[in-house]
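One chain, chain A, links the two complexes that follow: it is found with chain B in the first and with chain C in the second.
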Partner chain A sequence: MADAEPAQRIVTARSAGLVGCAECGRVHRRDVEVCTVCGSLLRSRDGSSLQKVWAWLIAGMIVYIPANIYPMLRTSTLGHTSESTIIGGVLELVEFGSYGVAFIVFFASVVIPISKFIAIAYLAYRVHTGKRGRARHLHLYEVVEFIGRWSMIDVFVVAILSALVQLNFVATINPGIAAVSFALSVAFTMISANSFDPRLIWDTREGKLA
Partner chain B sequence: MLWYSSEVWQSISKTTRPYLFPSVGLPYLGNMNDSFEDMIACPKCDALHRIPDVEKGAQARCARCDTVLMAPRDGAMTRIVMLSATGLILMIAAVFFPFLELSTHGLGRKSSVFDAILAFSDGLMLPLSFAVAALIVVLPITRLIALIYVFAPMALGWAPARRARAVFRMAEVIRPWAMAEIFIIGVAVALVKVAGLATVTLGPAFWAFVLLVIVTALKDNFMCRVTVWQTLNQRSV
Partner chain C sequence: MSDPIAAEMKVTPPKKSFWRNLSFVWLVPLLALFVSLGIAWQNYADRGTLVTISFANASGIIAGETTLRYREVVIGQVEQLRFTSDLGRVLVSVRVDNEVVPFMDQESAFWVVRPEVSARGISGLSTVLSGVYIEGAWDNVVGEPLTNFVGSDTPPLVQPGRPGRRITLATDDGTTISSGSPVLFRGVEVGRVETPRLSRDGRTVLFDAFVEAPHDARLSEATRFWDTSGFELSFGTAGFEVDFDSIASLLSGGIEFDNIYDGGEEIGPGYVFTLYEDEDEARRNRLVQGVARGVPFSIRFDESVAGLEAGDDVSYQGLDVGVVTALRSRVVDTEFGPQVSLFADVSIDPQRMGLPQETTPEETVEFFRFAVTTGMRARLATESLLSSDLRIELVVLDDAATAFLTEPEDGNPVLPSVESNLSDFTATAEGVLERINALPIEEVMQQAISLMDSIEVLARNEDLQRVPGSTVALIDDARALVGSEALQSVPDQIAAATTDLQQLIADVREGGAVDALNRALASLDEAMVGINAASQNAPALTENLTKLTSEDIPAVLAELQAVAATAQALDLDGLVNSATQTLNRIDALVANEAVQNIPAGVEAAIADVRQVVADVREEGAVEVLGSALRNLDRAMADISIASQDAPALTQNLREITETDIPQLLSELEAVATTAKELELQTLVDSATGTLTRVDALIGSNETMDLPGTLNDALTEMRLALAELRAGGVVENLNATLQSASDAAGSVAASVEDLPQLTARLERLVAETEVVVSSYGARSDFNTQTLSALREVQNAAKSISDLARAIERSPNSLIFGR
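This part shows the complex of A and B:
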């Protein structure tokens, strides 16, 4: 919809030689350092933004690997112990016939994290190439920012199950080490997305050099 | 000097038309102030707009990226305070009452939010316990208290409280990390997982949490960050 923007007619605070506050939108002269309205640090663009994005993103991807290899849950029923990974847990739910919940868990712990990795990498890569982005790229970023935290659901499920199912010999559920690395992966990618300065999406290479 | 085109007009349907800064000329070189009070730069794409008059209930959106820039509403402050206070009470109930009860073969177990937090408390996973406590209890409560602190004096028409700006900034930083509503969906998923194993009963805390999710969603709906900053700024002079 907003892709029909008259790109050449839009004046940015940066191209007008001013600086806009990323928190409250107030416009200042370029040499002002702290926003007078909200007290945020003023930066026309966050120069180290992309470095932070890549660093946290890669950290998030690395810890996502053990999160899938190691068990998320250790279940003991009547003296018999079994361990299940993220995917194992989803398959178990499918066997129970709870397709809806299996879908939620699969979506939250596999689809969302992986699409997040791809989406953040894509946005950061576009900024590197210096092509001017469009409104849909900002919307992609907003979706990533909004949906990322929902991946934490699996960690909470593990916590709840471990708290609830402590019936001595009959049934016990304990958390596995994958819960920690999964939680870290979600946190790292959230920090990565938060470090991204969406105003970079709109800059062309020339704008960056200016 | 005001400029707009039909394309821009279409992209901001049902919203107040923002006035774009003229694209040529440097009329502001003579301005020796530190800030430009009649302008706003979109926080998401840096496009400059002249601040339009926005009626209560209407929205002004960025001409380039469609981000809501201003959305003043009648009584928004009062509603935020009331909803935050409600959320705070629900939160306290949610933490202290049991939220699920499990029974099988004559064995029963009630668990509260505290038990869920302590689930990771042995050995290597202890830090995760702290993290879970922060995400589902500490940060949501901190954010609610911060919002009440910032908005209550303003809802009453007083000057903003001391350090209200710093507190509101902190509340905005916390925002993505307050995950009480995600915890609720987690409870629902856990329910299904153990349903085959034992009889599960929902405790009062579960319903408190469900209400909390609704209250949080309503409250965030009333908050427009840029509008809040503008109001804070006007009132504190």
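This part shows the complex of A and C:
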């Protein structure tokens, strides 16, 4: 018998009427509103967290589209202006032969955001459908949450270039719309990941919805 | 028995209302969606219109980069480059801002701005770095928008929408005009010339020019265009002159225009202006105006009209009043049969003749009809003195044959013409030069030259050169003589003598020996009377001599010189011989010691007198004086005897000076006068006669004895005085001294003249000696003078002939005899 019901029911804190602070971990009784250690709100389960997750995720996806369509950088060298989108820039870098940079840009600007979208969507879906969660989902969640901020590296590059390369006629780099859009996209997904309550995974694990 | 079990209570969570659970967070994606869509929509809506411009080639145009600019503002961007279906042109798709699209209408011009270096300047340099761009130009009137345009490679010379007018010019030679040449009006650029093109038949070069407003209002039928390109180089009295309008016209050519008369008519759309070579030609060409406004006439010429051509002026009293429109010949029936006559058709502008503005052609003809009756005729005249271009001038001749304005039915009214007096300047000038050539100038010059040679030889003659020297020497001698101590001391001596005498008289008066003196003085009186008489003659003598020396003899000398100057060579040998003889005698006379001793004698005499008086004084005794006076008495008697001769002597001298010598001189004058009349033989004869007489005079004993007689007289005086001195008689001194003082007074008076007399005598003698010696002693002086005179006479004859000829007819200098 695979995956038989455990012999003993594990008593969850929730069912024990206890709630732990999400920030500091201090356990409180259920009716306590505010954590006595860190002062953050004590919430056993957030009912609307999934909506938030989905909302922010969709917003991030929406905003990610112009980030790819519109040019990321506007470069003017000696009066010669050229604009490049993310993927266009990657392709140009590959043409130039800078494979490393191209890979980094591609990975940071394309792979990670899209994987984040997929990951968070997957997790939200699983929670939503009440499928049983596993440990790997939790790991996935943690990875997503950790790596989310590193997508901002692309925006950081654009910002640095725009700030430094202002050599008037010889070379000028200006950010395009895509930079703003991409930053928003990254921010939205970060919020989305942040609003995802991983305890929901446990709930589903236990087959119970919160 | 069991308790009832409560049923399992189904506790179900309450159904969440969908809407109640919907959190506000969903606004975020919605917002994001809307914003994104909005931005996308705005981008799409603002994109602008796609406009297609076709170019011959797309050099430098890059899709996605090349911009379209209007007035240097980017209004669009090239998106795509395609070909036309036949690959003939490149279609450039440009996305243009929507604000500008409505203005792009039919008259828009598009061109590619590239760096361009031309004579007009360098333009478009910024495109070197930034790449070419397309520039468009259109007017600022919203017209019918188009989306397909044709672009060109070069900017249009005229910006569409600039106010102005486009005209067409024609010229034969388009080398100096190029596209972009400026059109100038009084030096100000008012337009541009576009690219020249050939006319259909290839004979004319046509090009369009654009004249900007407001200057295009000046264009009318009266406008003439001329070429001002290049430069004009002239070399005149002021040096080099380079004249060009501007650097632009220098390099790319230029056209200038001006209205040559006022009130030209409007030009129609297809009007073609002619481009003339230069300003003068343009201004001269008033054919159009003449024909338009002028009244046609014809003029018949019976002479050659070579040099007259259509376009030449018709002038009236110097003012251009018309223009020749055509020259033709016609067969005219005359009384000699059919003859070919030349007709010149002219067009005369009534306004330029002074008729009022609204004069009809009939009135103009009426005016000319009247003018012809008052003598107006047409005549050919040269344009300028040296050219052979002709023009017709209308002149009013008082003496013209009667003629009328003939008006045939089938032609213009015919103005009568007269013969022209075309002066052929070249022929006249030639004639003048021929006349000048014919003058015998060379002969005259040769004779003048030989005359000058003779004069030179004459002047170089040593004797002639010695004359001034001799004259100077003579003057010096005379001066020396006058200044000689002897003569100068004479007055002193006389003064001293007078003083001594006065003292002596005083002593004698004291002495009281009067009677003896009286007796002595009586005889002294006689003597003195004699001397007085002599001395009375002496002033006259001196006067005569003065007259002789100051007037007559110099006159005679002048005459003699004149004679010598005008005598021609003939037999003068006899003259020369007798002259030589005379001169020898004069020489002897002059050389006579007696003459030379005269002043010495006088001096000595005066010295003796002084000595006597001194002795008398020294002795201091009246007795001595008395004896002296007795002796003096005796001496005086002798002197009186001697002096009785003196008057005769002086009388003789006087006679000689009064009569003989003047006679001689007058004879010489006569000779000279005769000589002047070029009667040579008689001249020689009379000269010879004169010389003989002179010879006789000089050779006469009296003259020869003259110095001897004078000398004797002086010697006797000296002896007497010596005796007086030796004797020492003083008794009759008072009276004697009284008379002596009188005598001394008259002696002084006469002696006063003596120095002058002697001086003049010396001078006379020296002059005569010099002149006569120079004349007679060297005969080659004679021959040279004579040959010179011969030459002079020949030259004078030629010159007088010439002068006479000119005098008779001055025109002969130009027209010949």
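Assume the second predicted complex is superposed on the first by the 193 of 210 C-alpha atoms of A that agree within 3 Å, B and C clash if a C-alpha of one lies under 4 Å from a C-alpha of the other, contacts with A are read in each partner's own complex, and residues count from 1 in each chain.
We adopt the following convention: a residue touches a chain if its C-beta (ideal position, glycine included) is under 8 Å from a C-beta of that chain, and two chains touch if they have at least 3 such contacts.
Just so you know, these numbers come straight off a predicted model, no measurement behind them.
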Between chain C and chain B, which one touches more residues of chain A when both complexes sit on the common chain A?
B
Per the contact definition in the header, classify A:F188: touching chain B only (first), chain C only (second), both, or neither.
second
Could you tell me if A:I10 is touching chain B, chain C, both of them or neither one (first, second, both, neither)?
first
Between chain B (first) and chain C (second), which does A:L93 come into contact with in this model arrangement: first, second, both, or neither?
first
Which partner does A:R199 contact after superposing on A: first (chain B), second (chain C), both, neither?
first
With both complexes overlaid on chain A, does A:I177 touch chain B (first), chain C (second), both or neither?
both
Just chain B (first), just chain C (second), both, or neither: which does A:I153 touch?
first
Return first, second, both or neither, reflecting whether A:S48 touches chain B, chain C, both chains, or no partner chain.
second
Could you tell me if A:G25 is touching chain B, chain C, both of them or neither one (first, second, both, neither)?
first
Intersection of chain A residues contacting chain B with those contacting chain C?
177
Which residues of chain A touch chain C in their complex?
47-48, 51-52, 55-56, 58-60, 62-63, 65-66, 78-82, 169, 177, 181, 184, 188, 195
Which of the residues in chain C come into contact with chain A in the complex?
16, 21-23, 25-29, 31-33, 36, 39-40, 65, 129-131
Provide the residue numbers of chain B that touch chain A in the complex, in ascending order.
3, 5, 7-8, 10-11, 20-23, 26, 28, 31, 33-36, 39-48, 63-67, 69, 100, 102, 104-105, 107, 109, 111, 115-120, 124-125, 127-128, 131-132, 135-136, 165-166, 168-169, 172, 176-177, 179, 182-183, 185-190, 192-194, 196-198, 200, 225-226, 229-230, 232-233
Chain B-touching residues of chain A, taken from the complex the two chains share:
1-2, 4-7, 9-14, 16-29, 32, 36-40, 77, 93, 96, 98, 101, 104-105, 135, 138, 145, 148-150, 152-168, 170-171, 175, 177, 179-180, 183, 187, 190, 194, 198-199, 201-202
